[in-house]
Amino acid sequence: MTDYQKVIDRIYHTVGPMWPQAKPADYIPALAQADPSSYGIAINTLGGDTFSVGDSHVPFSIQSISKVFTFAMVARHLGDRIWESVGREPSGNPFNSLVQLEYEHGRPRNPFINAGALVVTDRLIDLYPRPKEAILDFVRSLSGNPDIYFDTAIARSERATANRNMALAYLMKSFGNIHNDVETLIDVYCSQCAISMSCVDLARSFLFLANRGVNPLAPGGPERILTPSQAKRLGAVMLTCGFYDESGDFAFRVGLPGKSGVGGGIAAYMPGNLAIAVWCPGLNSYGNSLLGIETLERFTTDIGNSIF
Amino acid sequence: MTDYQKVIDRIYHTVGPMWPQAKPADYIPALAQADPSSYGIAINTLGGDTFSVGDSHVPFSIQSISKVFTFAMVARHLGDRIWESVGREPSGNPFNSLVQLEYEHGRPRNPFINAGALVVTDRLIDLYPRPKEAILDFVRSLSGNPDIYFDTAIARSERATANRNMALAYLMKSFGNIHNDVETLIDVYCSQCAISMSCVDLARSFLFLANRGVNPLAPGGPERILTPSQAKRLGAVMLTCGFYDESGDFAFRVGLPGKSGVGGGIAAYMPGNLAIAVWCPGLNSYGNSLLGIETLERFTTDIGNSIF
Amino acid sequence: MTDYQKVIDRIYHTVGPMWPQAKPADYIPALAQADPSSYGIAINTLGGDTFSVGDSHVPFSIQSISKVFTFAMVARHLGDRIWESVGREPSGNPFNSLVQLEYEHGRPRNPFINAGALVVTDRLIDLYPRPKEAILDFVRSLSGNPDIYFDTAIARSERATANRNMALAYLMKSFGNIHNDVETLIDVYCSQCAISMSCVDLARSFLFLANRGVNPLAPGGPERILTPSQAKRLGAVMLTCGFYDESGDFAFRVGLPGKSGVGGGIAAYMPGNLAIAVWCPGLNSYGNSLLGIETLERFTTDIGNSIF
Amino acid sequence: MTDYQKVIDRIYHTVGPMWPQAKPADYIPALAQADPSSYGIAINTLGGDTFSVGDSHVPFSIQSISKVFTFAMVARHLGDRIWESVGREPSGNPFNSLVQLEYEHGRPRNPFINAGALVVTDRLIDLYPRPKEAILDFVRSLSGNPDIYFDTAIARSERATANRNMALAYLMKSFGNIHNDVETLIDVYCSQCAISMSCVDLARSFLFLANRGVNPLAPGGPERILTPSQAKRLGAVMLTCGFYDESGDFAFRVGLPGKSGVGGGIAAYMPGNLAIAVWCPGLNSYGNSLLGIETLERFTTDIGNSIF
């Protein structure tokens, strides 16, 4: 049996010293203040074990990882109807491009590019009368941590630099694919991106994906979040679209479904087995955590296992 | 000497019956109510003569023709500095495309596509404390008609369907090329598009362009609006960019600098000679007045003169 | 233990009657002559069992499935250097688009779009003095079938309609990414596409991919074709890029790495388990076998297993 | 009356010293050998006068200026039918882009981008049994110079670096818009680009365009080359499309219809008045002669006349 603690300890000490090679995101002032030497890893297995190393209990801004949570919240209500509004093909373009959106008449290519995530959050606003509270409830329940909150300084900072997301939202509204007021939508969206969670929180929150849609640690006993088929399909979309224009490369190097955020976090999972989260703020040229990807590549290589 | 009255009378009677072939713009409800059989032509010569036929005194919504007026208002203040914010190359794309804007980092290709006109109006707001009044003053002075107003029903209708222009403005704001609040900008822009003028008003307003920058009919005597060089250059931009994706074709068929609007108006001029305006609401597939272009093509063919 | 024969029999009888819904490829005259009601399925397990139903022994034109074979032939020689000439990101565009190729200076996005496959075959010509014979030897050895040949009528038909591939090759040559004479390259490429194999041949040929790079059935005993890491990575590229602009959807619906061809064939595999091939000539709008995808989706659903 | 000799002498001495600011084209080795300090200007008026200064009698490679001649040769036979195969809109993209060609199904935007010129030469091959001789005859007749030849060293050099033009031709052939063998087409095309003419030859050859389609200096007396309408329309296309992605800027700064070549030549004309040619090999970033454009801008400014 694999000794996961040993594996992540070894990776932590090998990869850790590389952090000066990459800089945190700077387009949002509040994110640029992250300590670039922060580095943590956490694993939760379906067997109930937790392993962690480094800054694995320090909360950070999950940013685009939140797109997985809002998607799950909407998909469990809408089922396959969600695919009428958003596609499931890789975008083949930098993560906030407007080009393909225009060619394809306001239907984003997938739910993990910004345009697609805006459509998903717009539907969430349709479905939940108090959308921000609903999002917090959902991630608190998945992670078992009632102290998860929005980082309001980051949310404000994000709101002040949201011109491009405003442009995306108005463009889709011109095609009829945004239903709600754009100001309201951007407010909810900037809040969801500003959720603060630790690696331990995230690994636990992704466990339902490794477990065919059932959260094994829900307070009242195992709770079905998605059907097995929905969970499998969400995994496929994460694998092909979860890392912006580096998705193919992540599948190639790591071979796990996952999702990254510009806060430097990555959460991923091995179906039927475990969930893993990494955090280190320095980003590569694609906007993904440099050490995060390095960590996960070494992880699947070390344990000799991936989905391929 | 050419008998312009005879020429436009003949064209009017030949071209007029074609109006059922084209439909007015319908994306703004208020524009769709235009009487499709309206048709007027007016000419003003530098010699001081006026010729007109048909509905040449009926005011209509000038829409994008207003882009020439706001450009002149800004260019006389900023001179060549305006070209730092907007290019002067044809767009090679439908008139409201976001594609090139993104590739070129928020600098629109020319001042006559919507994105470029928004930048120009944004600068106008920088320069004039009361921008809407300033625009009205300018067109009233050029046309000698103090009764020109905004059609507020159309301005409101336009404002309600401005999602795509909002998207353009926020995208350019994300690149730093819009200075003012987007809501304010769109409000001024929708008003300028909703100016009501007749063919007679428009022909007279374009006379300064035919006259190397000097309005010959200003109340206090000839008034310089633009330098000869600015006037020549504005003409070149109108010729290459004035008719959306049909600009090359307009140069080819008509051979005059001019500008069209989706209200069905076209204003054009022959340098050193005359200005001409046509109006008929039915549009061709490029969003230009079908009869307007037909009229102008016959006009330059009949008089055997164009800039080529 | 899953009774694979029962599973594919059931699918065969349920899906088979759907064939009139789709038409074979018609851009190559010789392909258009395929019998649209042909339908076969074959499975080879790592345990050594073979299951098949329908037209599973009838040879057909494997077309783009050949790209997997030529890639493996080149990758085993060049290792990671192959990625200097071709990327591994999904294309986000129809399968023979020139657009992205130009934006990215002649480096195709992945080895499974036509441009990428041309680069791979160009390298194969660098490496093998008699490239066509080498390709035949390779697929004969993998499949254990010495009677596999090129269908010369199809190769000729393909050669006569290769203008677009000629354009791709010359464009990449202008960027220095094609080394050999374009006529020679297209000749080899059209031959590889015209290889005739049956479902049984294909399933057996894909077994080395399910077996971490080792062909378990080679005549002289197990033979390593690719390293485990190369095999895993080729699988990731197949999953994200193997089905043109439908790759994301294939991952979503089926959840297996695989490759399709316009001849109506699809070969796929479940790592550590089995390889499967399907053939039915009628194509969907993306150029993939309509019944082939339906078959594989039902297969992973029925056995309750995929890589996700 | 304007003293043209004085005007061009003054410009020659002011602009000439700027030549070290720009480098000749280097993508064709034979062009890179041009003497970068060469500089000549020639004018021919409809009144029969010739003015010239500098290297105005030195032959140079006319390159893309030849597109005007082949277009005229084809247009006089096909009339408006030529526009079925090629458009007349500016391209809005660098001069050899494949992007728009693919979006618009193999129909080039205008006859002056490479793709459009290839279509025109393809039609010329349809019309003239000995196309290369026919081209030479045509330019010899227009210029009155029987000693004009192809520079075979340049033609060969061009042929050896024609991969991108081969790609364009095969792409259009895949859409059915090239009729002849691509190798033959490229051979004729590379020859026409390699025609050697001096400024004096070129100014005289463009006189028919300034003269409503009639060559006033033909040996047997005035000869109609194009109808007045064809001549006017060709002028409009030159103005909007004659300078690649700098066409709008050329209209803006110079205000004359014209055509440039990467050999550093520019030929232009003022309708009803004169033709002018300039040559200086150093190019700006758009591939147009830096001193050529500067010369023409000063020319129209000095004489206070342009088409605007």
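A, B, C and D are the chain letters, set down in written order, and residue numbers restart from 1 in every chain.
Convention: contacts are C-beta pairs under 8 Å (C-beta built on N, C-alpha and C of every residue); 3 or more make two chains touch, one makes a residue touch a chain.
Predicted, not measured: the structure shown is a model, and the values here were computed from it.
S.K.: Touching both subunit B and subunit D, which chains are there?
M.R.: Both subunit B and subunit D are touched by no common chain, going by the contact rule given at the top.
S.K.: If you tally the C-beta contacts, which comes out ahead, A-C or A-B?
M.R.: A-C
S.K.: Measuring centre to centre, with centres taken as mean CA positions, what chain is farthest from subunit C?
M.R.: Centre of mass proxy via C-alpha means gives B as farthest from subunit C.
S.K.: List the interface residue numbers of subunit C and of subunit D, divide the shared ones by all numbers used, and answer same when the ratio is over half, different when under half.
M.R.: Subunit C and subunit D contact each other through largely matching residue numbers.
S.K.: Hey, how far is the Cα centre of subunit A from the one of subunit D, in Å?
M.R.: 56
S.K.: How big is the gap, in whole Å, between where the Cα atoms of subunit A centre and where those of subunit B centre?
M.R.: Roughly 48 Å, centre to centre.
S.K.: State, to the nearest whole Å, the distance from the C-alpha centre of subunit A to the C-alpha centre of subunit C.
M.R.: Result: the chain centres lie 33 Å from each other.
S.K.: Would you mind listing the residues of subunit A that make contact with two or more other chains?
M.R.: none
S.K.: Give the pairs of chains that touch; include all such pairs.
M.R.: A-B, A-C, B-D, C-D
S.K.: In their shared complex, at which residues does subunit B touch subunit D?
M.R.: 87-93, 100, 109-110, 228-229, 231-233, 235-237, 239-241, 245-249, 251-253, 255, 257, 271, 301, 304, 306-308
S.K.: Going by the contact rule set out above, which residues of subunit C touch subunit D in the complex?
M.R.: It comes out as residues 97-99, 102-103, 163-164, 166-171, 173-174, 182.
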